[in-house]
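First subunit A sits with subunit B, and in the next complex the same chain sits with subunit C.
Showing the complex of A and B:
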């Protein structure tokens, strides 16, 4: 059989059609992502405060120097790192647990699978408002937390005072919990697809060899899921550093500066202080951090030979 | 036997985790105001009073939060327009680009792919100021178009990535046959390819729609009046108003969530297969 070459186009025009097909997408992304990024960098090198629009001038890396010298930045960075690390970890563990469940066959699996998408369908802001209610003074979860703190106090004869969302520790971890809850479904979908792609003969062979179910998970399932775990880790790291709408609705950055994640800090810098120069320097630093992390992850994927270049 | 029982308990815990927060809010939305303060899980005397605030604009204009609530129908309409436009733009630009990447070998395809992946990793806050200034200079502030354009650019890289993976699963023979029958490449795309890949297209379309419906930062920045404000921004106004009873906020939350929830139920299978298959494939 003769191999038919891809479409009867001449060699010179062969590259033109695919590029044409990509043109609309490329134009959109150039105009609304690449160009703004460039402008953002240019602005970050300027003194540019909307309160003093007549005093816009170039002053090199001074915005960056100011940020790196400010305690607010380091505080926000640590909060974001803690937030993101915990979020990635919890999302992977919980999503994996649910994906493994959905891979089993049992009656009602279809129902669980349908319910899986509920948290994902809820907009971030509404999710924030929801948890305001759940964790507020009259909230159902707040009551449960109060009761469990009281029980712990009673059991151990200690006296922890529970102040709800007024406590920085509770507020930050509640924000993480709410963020994780909404992020689980997407990660779960990816894990589920990856689990279903594992050849079943491997499990059969392992069972013949008498492997325990933990060992089957450890030596067959986990290695096969390496790729999916990394993909989820990339997505969730980016999402963690971006967390904004949830914070906006749930804590407003408070109490104090307990939930000043870096995206929130950037927003405040720009639209409360109207310091566009400083805020752009902030956003550049966020971009650098997430890109660095993304490159580390992608290198990990390459090393395993899971991405073909 | 014990294994079976453990499995069902496991499933029950998962269901509770996934549904309880939303179920409580849905229950609260049917409670009279005083019942919330009693930390109840279920309305004792269910009422639709919290919802009527959103629809009976004339009768309840004196209630706290009525000023926000009366704008809800219009905000839902705005979200619908924006979401639909974002979905259509994603499908047209996305399928063209993904088809080229999946099927037509050309120089620079890896570069393009990296460009798409790179733009996907740019966080929204990183470009919010230039985007704001850009929209202002084009006079697009407080229009649907500004929100549509920003949402499209955010969802497009993901759409292309997913569709490329999905398109690669379609057997090549199909297009060979079409081409032997004298189809042009574009003709093959429209007449043979798109019909076969409808499930994938529906999945990414719904995905883009729901992402747009839920997006907040750019909608907040670009819209100032109800002429263009989508529901997420309107809902966030409640976060600023301290006196609005939570029962009313809960009803509003349910109204905002309703459409994406119904869509995700209807297209559940397509979304799970479409997204899962192409991300890991």
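Showing the complex of A and C:
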């Protein structure tokens, strides 16, 4: 038995050492990711309102039930769905168009590619404030929009009243525009990388086969980009549902509840109503929705065989 | 059906001249190969015939039609690429049908044509698969089917066999030759593989640095190379080149004398030269045109070697064997002639081995003379 012991110890060391080396990372992950996720879920199952700090107690799924029963939630969900749908659509279309342009070789392409990244580097709040400047009462965009509306009114003999950011329609779509402006660069980089990976012989073969430039895009470029589109769609869906900093700075959720996206609603629950239980429940609902959408995307594209596993 | 004519075709990429003043007449239904090392401009030339590259100057004619400015889709061509360039997201059927679809061929007709092409290329059982589920040889067949399905006048092939393994390459080579026999199309074939070009072609165009070096049948390219480049590029192993000087031998004969050898040459080769005496030349002789003394280092009579009878009087020199390479049906010996390695092909049962010293005999009818400076052939055109 004495002979076996050292071996036994060695085996132990071999098992323990990797764990030991991973421990710092594991502790950090547990402390900063797993614990907040866990505690947040736990809080979402409690009545936990700072206005009544003495009345913290477990009440199961009641927060969720309350949220699902509230018209505020459904309003916020619809606004978020519209916001996200428009954002994903616009980001994909615009980013792909820009990526296709930047794939062509022209003078100063490197500079333009670098410039493209600037919006991406701007923090959401700063982006929001910038658009406040552009779309505010004295903003350039605001003036342009006002003039355009006046021109349309004149041309078609109609009477649209332009109220700028005081209009729910303008405010929501302006928020979408600002969000898209900031999101396009990232998507564009992904598309550009994917476009560059398409072998040029594919296009040569397609040209010999008689494909017009539209058909080359339709039958060669687009299928080669399905994977990139999927990645961008998932990212942008998540970003769209979580959009908050921009809205905080640009519209403050207004006018009225026009830009009460679901993330804003979460914020309101936590920091206006001080209902931490309800806010955590909101957070979980957002997570659930984005995950569901991501799974649907992946399922759809995989099933159609467009993405190679 | 199409005759292809290229007139003074030139292509510059910036400062690089990829194709330099190429004039070429390709007959209808000919199998023409553009042969040369990588970077010689053969693919650029093919792309200009296809219309994928526009020439800097010069013209491309298909029959009586100037197609220089015509885009590829409106030239009557099909092309097979080195990487096959199959569309990965389409089934084999859709890959083959794509060109027909783009040209607005009705679905029924499309199906009929695809099935016919698939039958020709024996890929009927693969039509539902995606390209990634195919082997290299099957992909090659699909690429060929995609090209022939439109029944083009000119069939362009850009190194179509170079991505295949050695065995498959031999099979597909035969297949291509059969295809050319069956189809009434002009084939323009680009390769860097001289063996492929010799086997497949009606005529070969040897290119280097964007310029045509020689145009001719495989036999004439092999037997009468226009310069040392062609001589060295076509044939395996490459031709042996020995530096030497022409000098008079005896009363009327001439010979080339160099380090470690002296070789008689026919007077007919020399008589039209200006100032042959003392002229620097390269003497070219192929491995199979060299005979060796079969009894190494012995004073015995010369014997039959390499299919020819050697005679001690005609020995061009003695050389030491450096490497012995048996190849099954043949034996290759590398011998050292005055510091130059010379390959000799002989019978596999020849016992000569490393260190043996042998007499060499050059077949006088098969030697080539090139200018020592320019490398141009000194043998008058026949």
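The rule is short, and it goes like this: the second predicted complex is superposed on the first by the 271 of 309 C-alpha atoms of A that agree within 3 Å, B and C clash if a C-alpha of one lies under 4 Å from a C-alpha of the other, contacts with A are read in each partner's own complex, and residues count from 1 in each chain.
In this text, contacts are C-beta pairs under 8 Å (C-beta built on N, C-alpha and C of every residue); 3 or more make two chains touch, one makes a residue touch a chain.
What you see is a predicted model; the values in this text were computed from it and never measured.
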Original post:
Between subunit B (first) and subunit C (second), which, if any, makes contact with A:219: first, second, both or neither?
Top reply: second
Original post:
Counting only touches as set out at the top, which of subunit B and subunit C does A:119 meet: first, second, both, neither?
Top reply: first
**OP:** Mind working out whether A:201 is in touch with subunit B, subunit C, both or neither, as first, second, both or neither?
**Re:** second
**OP:** In the overlay, answer first, second, both or neither for which of subunit B and subunit C A:211 touches.
**Re:** second
Subject >> Touched partner set for A:256, first subunit B, second subunit C, both or neither >> reply: neither
Original post:
If you count the residues of subunit A that each partner touches, which comes out higher, subunit B or subunit C?
Top reply: B
Subject >> Touching residues (chain side subunit B, partner subunit A) in the complex >> reply: 4, 7-8, 10-11, 14-15, 17-19, 21-22, 24-25, 28, 36-39, 41, 89, 92-94, 96-97, 99-101, 103-110, 112, 115-116, 118-119, 121-131, 133-134, 149-150, 152-153, 156-157, 160, 176, 179-180, 184-185, 210, 213-217, 231-233, 235-236, 238-239, 246, 249-250, 253, 256-257, 260-261, 263-265, 268, 271-273, 275-277, 279-281
**OP:** Flag every residue of subunit C that touches subunit A in the complex, lowest number first.
**Re:** 47, 50, 52, 71-73, 77-79, 81-83, 85-90, 98-99, 102-103, 132, 146
Original post:
Can you list the subunit A residues touching subunit C in their complex?
Top reply: 199, 201-202, 204-212, 215, 219-220, 223-224, 226, 306, 308
Original post:
Which residues of subunit A touch subunit B in the complex?
Top reply: 4, 6-7, 9, 14-15, 17-19, 21-22, 24-26, 28-29, 31-37, 39-40, 43, 94, 97-98, 101, 104, 106, 108-109, 111-126, 128-134, 136, 138-143, 181, 184-186, 189-190, 192-194, 197, 227-228, 231, 238, 241-242, 244-245, 248-249, 252, 263, 266-267, 270, 276, 279-280, 283-284, 286-287, 290-291, 294, 309
